Structures are given as structure tokens and as C-alpha cells.
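Following are the structures in question.
In the two complexes below, subunit A is the common chain; its partner is subunit B in one and subunit C in the other.
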Partner chain A sequence: MSRPSARALFVWTIVWFNLVFLALPTVVVIIASFTAGNIVAFPPDGLSLRWYASLFETDSYTDAFLRSLYVAVICTVISLPVGTLAAIAMARYRLRLAGPIQVYLLLPFTIPLIVSGLGMMLVFGEIRILGQLWPVGFAACAINLPFMIWAVAASVNNLDTDLENAAANCGAPPLVTFVTVTLPAVMPGVITGGLLMFILAFNEFIVSLMLVDARIVTLPVLVYNSIRSVITPDLAAIAVVYIVVALVTIWVLDRLVGLEVFLKSK
Partner chain B sequence: MTPGIDTAASNRPLWLRILFAAEATRAALWPERFSPATAWAFLVPAILVVFVLVAGMGYMVDASLRELDRSTFMLSDDYSFANYATVLDRSFYWHIIGRTVAAAVIVTVITLVLAFPYAYAMARTPSAATRKLLLIGLFLPFFIGQVVRAYGWLIVLGQEGLLNSGLAWLGLDAIKLIYTYTGVLIGLVQYMLPFAVLMLAPAVTAVPEEVELASGSLGANWFATLWHVLLPMAKPGLVAAGVVVFTLTITDFAMPEIMGGGTNDFIASAIYDGYFSISEPGLGSALAVLLVLLASTLVAVIFAFVGVGTLGYTKRLER
Partner chain C sequence: MVRLDGVTKRFGTVTAAEDVSFALHQGEFLTILGPSGSGKTTVLRMIAGFMQPTAGTILLGGRPVSELPPHRRSIGMVFQRLALFPHMTAAGNIAYPLKMRGFPRAEIPKRVERFLALVQLHGLGDRRINELSGGQQQRVAIARALSFEPDLLLLDEPLASLDRKLREDMQLEFRRIQQELGVATINVTHDQREALVMSDRVIVMDGGRVQQAAAPQDAYRQPANRFVAGFIGVTNFLACTVLEAHDGEAEVEIGDHRCAGRSAAGGEAVGRTADAALRAEQVLIGEAGQAIAHADMLVPATVTEVIFEGDRVVYAVDAPTLGGASLRIFDHDPLHHKTRRIGETVTIGWKRRDLMVFPRDA
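What follows is the complex of A and B.
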């Protein structure tokens, strides 16, 4: 049979190309981080862990890492209730003005990040919170909120409204129904959205660049500033920290929800 | 203790007692007669969060309409379109806009061509392990962030990088990709690929395999099936993926900055420079407003012709 094999050749050639293309920078960074030399070179100048040691000894790196973690936690804590409620309102209820609200709630996505970043810099400056760290977490929530809403809305669309009606029929008041029936049903979406918001805030760069100063620089901004000066292998070690955080997030997502949830249509 | 909700309050477990206390508070603050407005109450926090962006946009529009007074270096008090005139008058900005739009078109086309077979393979592979591997291959770069990935590309494509070391070992001349347009495009395609596949995958999964088999049994070869059946049926996903990749590329900052090193600036870099390098916030804001208009016009045109695809939050609003 020539038909399936032509298909397989076409599809899998591109898939393998993509896999290499996607993984190449990651793999190369891991190799580079173990070099014993002072510059990034191929093949590496011997093997050592000295660049990892230097990470832990450099306060600016550990501080920036902790700040990024703080920003990611703030973003997730705000996004969870805000995005979940909005998604339930959009997908579960018949709203008047649903169209315009949908367009409005997609604004974080249609306004370019550079514009959102500069805009929030002006707003935060006006209300005198520029230069603090928590507004950076709030900003990460504002620009990525559609991801949270999408994730939960996908679960709400799978929710059987008869279950809620049944709970109400059995005498459960609204909040009890919400907590014991609605929330558990949309939990996969809430977890997926929460993890997405966490990792996106942890990686957030361009908006943070506008909102942080030298005292509260976050890790991606620090890496960016270092790339602009000189490329040293300690950045490769930081990159490996990012790879590890990404792998842990993927593992948690897969354990709690299953990565396959992203293949399902709404 | 009897399971479920017992009417006798003393028999309830602690969490239920807390829940009923919360329910009582809810009933006092949000009585049943408010219930038609419940959905709106749910939306208020999200509307407020997004309003910060709207307010920021307002500040930018305001600044874009005020010209820089060169004697005081303050923005003028009265409104004019002078900044827009200046932007549209400088060929420097037209050049940057052209470069950015061209990149967005090229990156969108290449990314969709690469993403479709990947999404198709994920949807159709009979092996759960292969599917998992493809998903991890997608999520790992997606979760690493643009700056770190750009750094990886610097190591791969740089002067002393993996590619050129390999070429030297083979006795070939080095290729200069860092600080070139091609280098920026390579970085961008790799950055956009996970977004595109994730937008496409549900649409491809939703196409029943039987349709494909039917097309095949009627005598179409697979490429004809792809063109006449699969791609049209996956159109909502293709639209969503195309719009996402296009808007993310046209507004991107980090990849042209890092991979281009100042030689291949996009619109976002010009806006940034307006604020922080040449200290002309009015000019930067005018450029920002033009970028928003450009991006949203293009998106609106696409939505008008082919619908919102899978980008909507609800089923009802999709065409």
C-alpha cells in the first residue's frame, strides 16, 4: 500500500524536524552549562559544575529567582478566582452582551504586550505603586488572563448542568451547589489554568522589563540584561534552572490533569 | 455519621458547617432576588483586572496626542496629531513597519505548515506513549520562556556556536545567522510553534478518522484528502493558530532584540526606544497606537471573513 506510507513519510519527516527544532536550544544549553571553560564553546572545554556553584554564590541570581517565584505566586493567586468566575459566567450563563464582553476579555491578547507594559507603567506610576514587586504579579495576571479563562471555560462546557439542577432540587443552596458540584466539575480546567498562569508569570519578560528597576529585577530581565553584555556559561546554568522548573510543571500537569486535555475540543 | 447533607446541624462535619456559615453570609449579602445578576457579579473582577490595560491604553492615546516641547522637554498641554504625522513622515518607521509585517506573514505561513503535521500526528497516533512524547516535546519549550530560548539559539547559531563549530569541523565556511533577519525568523518560528500546535490540535482531533477513510476509499490519495477534507474541516483551528501567531509576531520584542541585536528591530523595539532611548514618549505612544490599530484591523478582517475560529470562550459565539 503506497497511500499510507506516503502519508507517514510526509507527516513523520516534518514531525521529526519539529522535534529536533524544538529541542535543539534546550539540549545545547544543558551541554553548555556543564563546561569547565570560561566561554561557551563546542565541544565544551572539559566538564564541571562550577557554573552551578557560581549560581548559588551569586546573590543577584538567587534574589532574582525568588522574586520571579513571588511574582508567579501573586499572579496565580489572583488569576484563580478571577479567571474561574469569569469563565463560569461566560460559558455557563446566558448573558446579554456576551459578544462585547468576550471581545473585552480578549483585550489582554489583542493589545500588544509592549503597549500593555508601557500602559501599566504609566498607570502604576500614577497610583504610586511602581517600583514594588506585587504589581508585577498583577500585571502578569492581567496580560495572561485569557489563558486562565480558556482553560476553565473548556471544562465548564463539559459540565452537565443537570447535575447542578439535581443538587438544587435536593435542597442544596446556591453556594453549596457551587462548591460541591460546579467547582469539582471544572477543577481540571482550574488546575490547568493555574499552572499555565504560574509558568507564564515565572517566564514573563517584556512587561516586567517596563515595571521593574534595578532593585527588584526578575530573573528573565536579569538574563536579558546579561545577554546584552556578554554571554557567559552561568546563563546556561540559569537556563537549566528554567528547564527544570518547566519539566516539574509539565510533570505536575500530567499527573493532575493529563497533557492529553489539550487535544480535546471544547 | 450519615453521609451527605444532614439537616441536623450537629451531625455535619466541620467543612460543611463552614460552608453553611458561608452560605448564610452569602444569603445576607447576595439574596436570591439578586440571582439574575450573579453572572455579572462573577465577571466584575475580570473586568476590573482587564480595565488596568484599558486605562494604560488611555494614557498612551493621551500621550500620543501631545507633542514634545523641545524647550522644556515636557509634553504639550494641547492635543494635535503632530506625533502621528512625524511617524508617518519618517521612512525609518515605514521601514521597520514593513520588516515587522513581512516577518509576521513569513513566520505565520512557515509555522502553520510545520504545526499541522505535528497536530495531525498527535491526534492520529495509535500509541499513547508517542502522543505523550509529542506533547512533552511541545510543552517543554513552551514553558521555558522567550529570553531563555533566545539564549539557547545564540549558543546554537552564534559565531562560536554549535552550527559553526560543526561547519568548521567539516571544513566549511561559517554562516552568519546571529544578528540577521533569518536568525530572528528562525527564533520566532521556534517560539510560535507550540502556540500554533496547541491551537490546532483540538480542531484536528475533532475531525473524525472515518471521514479521512471515506475520502480514501472513494479514491482520493492522502494529499488530496489533506487538501480537500482535512484542511477545510480544521479551518477553525487554522484560523485561531494563524491569528495567534500573526499577532504575537507582529508585536514581538524579545526575539528581534536578542537575535537581531539592534540590526533588525521590530515595531515594539521602536516603541521602547521612543520611551527609553530617544525620550520621546509622545512619538513612542503614537507608534504604539498605530501598532494596535494595525494588529486589530487585521484580526478584525480575518474574523469578519472566517469567524473567530476556536478563539472564543463559548460555543455559542463560534460560527
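What follows is the complex of A and C.
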């Protein structure tokens, strides 16, 4: 009888450990953002929405937020077709480049972002596109694309290999088969991957830092610059904005794909 | 309707199908029966057009089809793992071939309803595939393959994954639908019972080659060779030597006994070793030292195993004078026959025409 309870104790210890160390800081930040005082403090010094108001009134914040959004959209728009086609091609056909592609898929786990960022900075400087915003989105796509490919490949590998044969058997020519059967059947993976790319690009810091200048800072870079001077409660409010964006993404994922599908496919 | 002429398929050094020839007529139900790896799926896929034969020709409706891609062939197929479209409803799956084959828009919903009813899925058209049970998914796959009324229906072991009760129901269901629509059908299975139950004709395959093409009763009564005799039904094989062979009869020596049996072999087989085949249900059991009614051959034996299965009793017996052979025997009338005990000495016997002799290759 003591065995199950010992195990329960172990499991619950881990659960609480996670809750405390992952969720607690988040909760603290959320509460702190509602402070009425002039410094970040916990517990907050009175309650107000003044720091949120200041966020919306400060052009540098709204501009940076919109720039981050733009970067994230560029990254997602590029990675959707590229990542989807790459994943389907890899899973369905024998490619001559299979070896190099597999190495590429492992890069994000092995190469520090600072290295990729440096490389991008040199290349973009060379072709004179540094100082514009869209290359930041492109860079985020190039660096994070493997995650998109993983997500779609997981979906493709779950498909019956006879699915396309079945479509042909039903009278669908190859291109129609691809559009009406293959693509919709891997849609859960495409949506998952697309949202992942969006959130990764929206949050991207190091590569942004190396590719932007003072005129086009993105939100993470702006936050970083602010931290180096005075830590004011509007930073806590920005943190809450990030939390909200993450929650919205998860909500969209749940609506479109269903979270169980997502958690199981990984 | 469909004809295969000397169709061969090689994958590198593996020959999956070799010199396969057969024809299928309008409305006929043909089953390709063979163990796993015997080339059944390969034959089906070549007919569907997913792969090209290495040699030989396939004709559909009298025309060679090597140039015809799969989506231009009027063939419905039920796949082994069904391959239903996961992002569509049951009705969507059934409507898909209708849309692809240009049926008038107005006619499609009516047709989908008709085929949902045909496979007894009324009212379930709006369900997504993963909301249906295994048997229901099976039915959707059948309806999808049939909704556009193809000239030919191909079934690649679609029942193999079902439990026994459901499988037997679905076998009868397939047969009913097939007869109702009169569509020529090729079914593939490794289940000999299914082949015998469902088909007008059976083609037995092994190692990529056709071993026999015959009506189910004939494949059972007159197997063309040792492989077919062993694959259809439970058969005892006894090593023997051929003493005489002519006119469909052979005289052989099994252990200490001389016996006669049926054989297609001629005089060239005399002196060769052969396999004498006896089906488990055709071996009779009687009291030790006594004759058995209707039996031409009598041999002493000892019971080594008794398994009561309700509608039959399965025995294993040792017969020292048959070269020490061990035989399996089915008694299909356990209510009227005495049940033997392990260790009991008995007489076993069989009718002369129930013994089949297959000479081994020299």
C-alpha cells in the first residue's frame, strides 16, 4: 500500500516544483504590472491600469510592437509554403539531398543563435539590406524553419502511405490529389508549425538585436534596451502583453487543431 | 473484363509476381488466396495502376492499360489499411470519387445517401472518420470504392484487421453488395475460409506464382499440388514411395502399408518419393483391432492429444506403422461418437479416394 503513495508523492512534488518555478514568476509579473507606484514591486504599491495606458500612449512601444508583428508575419508567410513542401517532399519521396537536409534540421539544436545572427549580419550587410525590417523576418524564418518542418513531418508520417493512391483510385489526377487530399490531411501540422514560427519570430531577440538599428527596434530589443536603464512597471506590462500573445496562439491552436492532437503528435 | 497475360513484377532481385495469367468475367467474384508475401498485393496494385509490370500485359475491358494512369481507370479499391481521407466526413469520402469523376452536382448527395444506405450507415454521413468504429470505417471504404459504380472492385485484405465475428459478418455483407451491384471483384486474402465462403473462383498463389485457379469446391476437392492441399484445409502429409501410377490413380507404400489413392501423376513418378495427403476431417477413428464402416484402409494408432472444441473434437494420433507419422484428425460429430482418451489405442482409417498423392520434384 505504501508504494502507490510514495509514487504519488514523487509525482506531486514534480508537479508543484514545476508550478512554482514556471507559473509563479508569471503570476508575480502579472500582478506587478497593475501597480500604481513608480517602480516594479511585489506586492504592488496599489492597483491601477496606468502602466498599460502608458504603453499605448508611448509611440516607441506601439511602434516596436507593430514591428515585431510585421517580422512575425513575414516569417510565417515565408515558412508556410517552404516548410510544408519541404516536409512533404522529405517524408514522401526519396531525395538525393536527404543527408544535408537532416543536418540542417538539427542545426537549431546545435548552433548558438549568436553565431547564426552574426552570419546573417555579415551576409545582409554585404548585399545591403541591413537596416530594413523584412530581412529580420526572413532571418527568423531561415533559423527556425526546422521547427516548422518537424511539425509538418510529424503530420505526414502519421498519414497512410496509400492515401494518395486512394485519391488516384477515386479519379483524382496528381495535382488535384495534392491539393484536395495531401495538403488538407497534413493541415494540423501546417497550422501547428505556422503558429510556432509566428511565436518564435515574435519573440526572437538575439538575431533581431544583431540585425536592427535604432530606427527599427523590435519589441524584445526595446525591452532589453530599457532594462539597461531604469526598470519601470511598463516593462511588466509588456511582459503581460507577451503572455497574452502566447495564450492567444495556444487558443487559436486549440480551436483549429485541438490541443490533444498537438500534444499527441509530438 | 480483366485479363492478365504473363504478368511479372521484379523489385531488384526479388520477384514478387511471376508469369501470372488469369481472366475475370463480368459480375464474377474472384479471390486471390496465398500466404503473406506471395505477391497478392503486387498483382492488385498493378491492376489498379499504382505500379507497372516488369513484363506481361494487363487488359481492362479488352484494352491494354500500360499507358493508362490509375485515375483514368474505372476501378474501385478498398485498401488494406482503408486509406480513408481523415479530414473529410464519411459522406465527404463517398462523394470524393463522384466529384473527381464529374458526376452532376445535383446527383451527388442522392448517390451518397444511396450508398450510405447500401452499407447500412444511414444517418452517419456527417461523422468524421475518427468518430466511426472499425467496422463502420470499413463500410465507408466499401461505399467510397463503389459509389461511382466502377467496372472493377479490388479488395486488398480489407477484413484482415477485424475480429472474427465482425469479419464473418462483413464477408457476407461484401458478397451481398457485390451480387446486388453485379460488379466484377477481385478479393485478396490469406484466410482460406474467407476465400471459400465468398468466391466464385479462387486463385491460389505462392512465391509469386499461381498454383491453382479453380472453383472453391474444386480447389478443396482436387488440389493441384501439395502446396494447395496444405494451404486449404488442415492436411496430413505422409512420406511415401510411388509403386504404380496411371489413369488418375496411384499405388504407394507408406511405412509398412501399401495403399491406393488419387493422383494426377503418370508412370514417370514410379519409384519416386511422394507426399500422400489426407485431410484431417477425412480420417476416421474406430475401436482397436476392429474394422471401420466405409474405410478402405485400417491402421493401428495411439491417441496423443484430445481437444474438445464444441462442434468438433481435434485429435492427434501416432501411427508407428505409417513410418512413425503423427496425424491430426477432426471428428465433426462429437455427440454421436465416443470421445477417445489420451493414450488409448485405436484404429484409424480412410476411404481410398480420400488419399491424394503428390510426387515430389525430382
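Definition applied: the second predicted complex is superposed on the first by the 253 of 266 C-alpha atoms of A that agree within 3 Å, B and C clash if a C-alpha of one lies under 4 Å from a C-alpha of the other, contacts with A are read in each partner's own complex, and residues count from 1 in each chain.
Here is the rule we go by: a contact is a pair of C-beta atoms (placed from the backbone, for glycine too) under 8 Å apart; a residue touches a chain by one contact, two chains touch by 3 or more.
All values derive from a computational prediction rather than experimental measurement.
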Partner touching more residues of subunit A, whether subunit B or subunit C: B
First, second, both or neither for A:Trp12, with subunit B first and subunit C second: first
Which of subunit B and subunit C A:Val179 touches, first, second, both or neither: first
Partner chain in contact with A:Gly171 - subunit B first, subunit C second, else both or neither: both
Overlapping contact positions on subunit A, where the subunit C interface meets the subunit B interface: 170-174, 176, 180
Touching residues (chain side subunit A, partner subunit B) in the complex: 3-4, 6-7, 10-12, 14-15, 17-19, 21-26, 28-29, 32, 39-43, 78, 81-83, 85-93, 95, 98-99, 101-102, 104-116, 118-123, 126, 138-139, 141-143, 145, 149-150, 153, 157, 170-176, 179-180, 199, 202-206, 220, 223-224, 227, 231, 235-236, 238-239, 242-243, 245-247, 249-250, 253-254, 259-260, 262-266
Contacting residues of subunit B [partner subunit A, same complex]: 5, 19-20, 22-23, 26-27, 32, 35, 38-40, 42-43, 45-47, 49-50, 52-60, 63, 114, 117-118, 120-123, 131-132, 134-141, 143-156, 158, 160-162, 165-166, 189-190, 193-194, 198, 201-203, 205-206, 216, 221-223, 247, 250-251, 253-254, 257-258, 268, 271-272, 275, 284-285, 288, 291-292, 295-296, 299, 310-317
Subunit A - residues contacting subunit C, complex: 159-160, 162-163, 165-174, 176-177, 180-181, 184-185, 187
Residues of subunit C that touch subunit A when the two form their complex: 48-50, 69-72, 75-77, 79-87, 96-97, 100-101, 144-145, 148
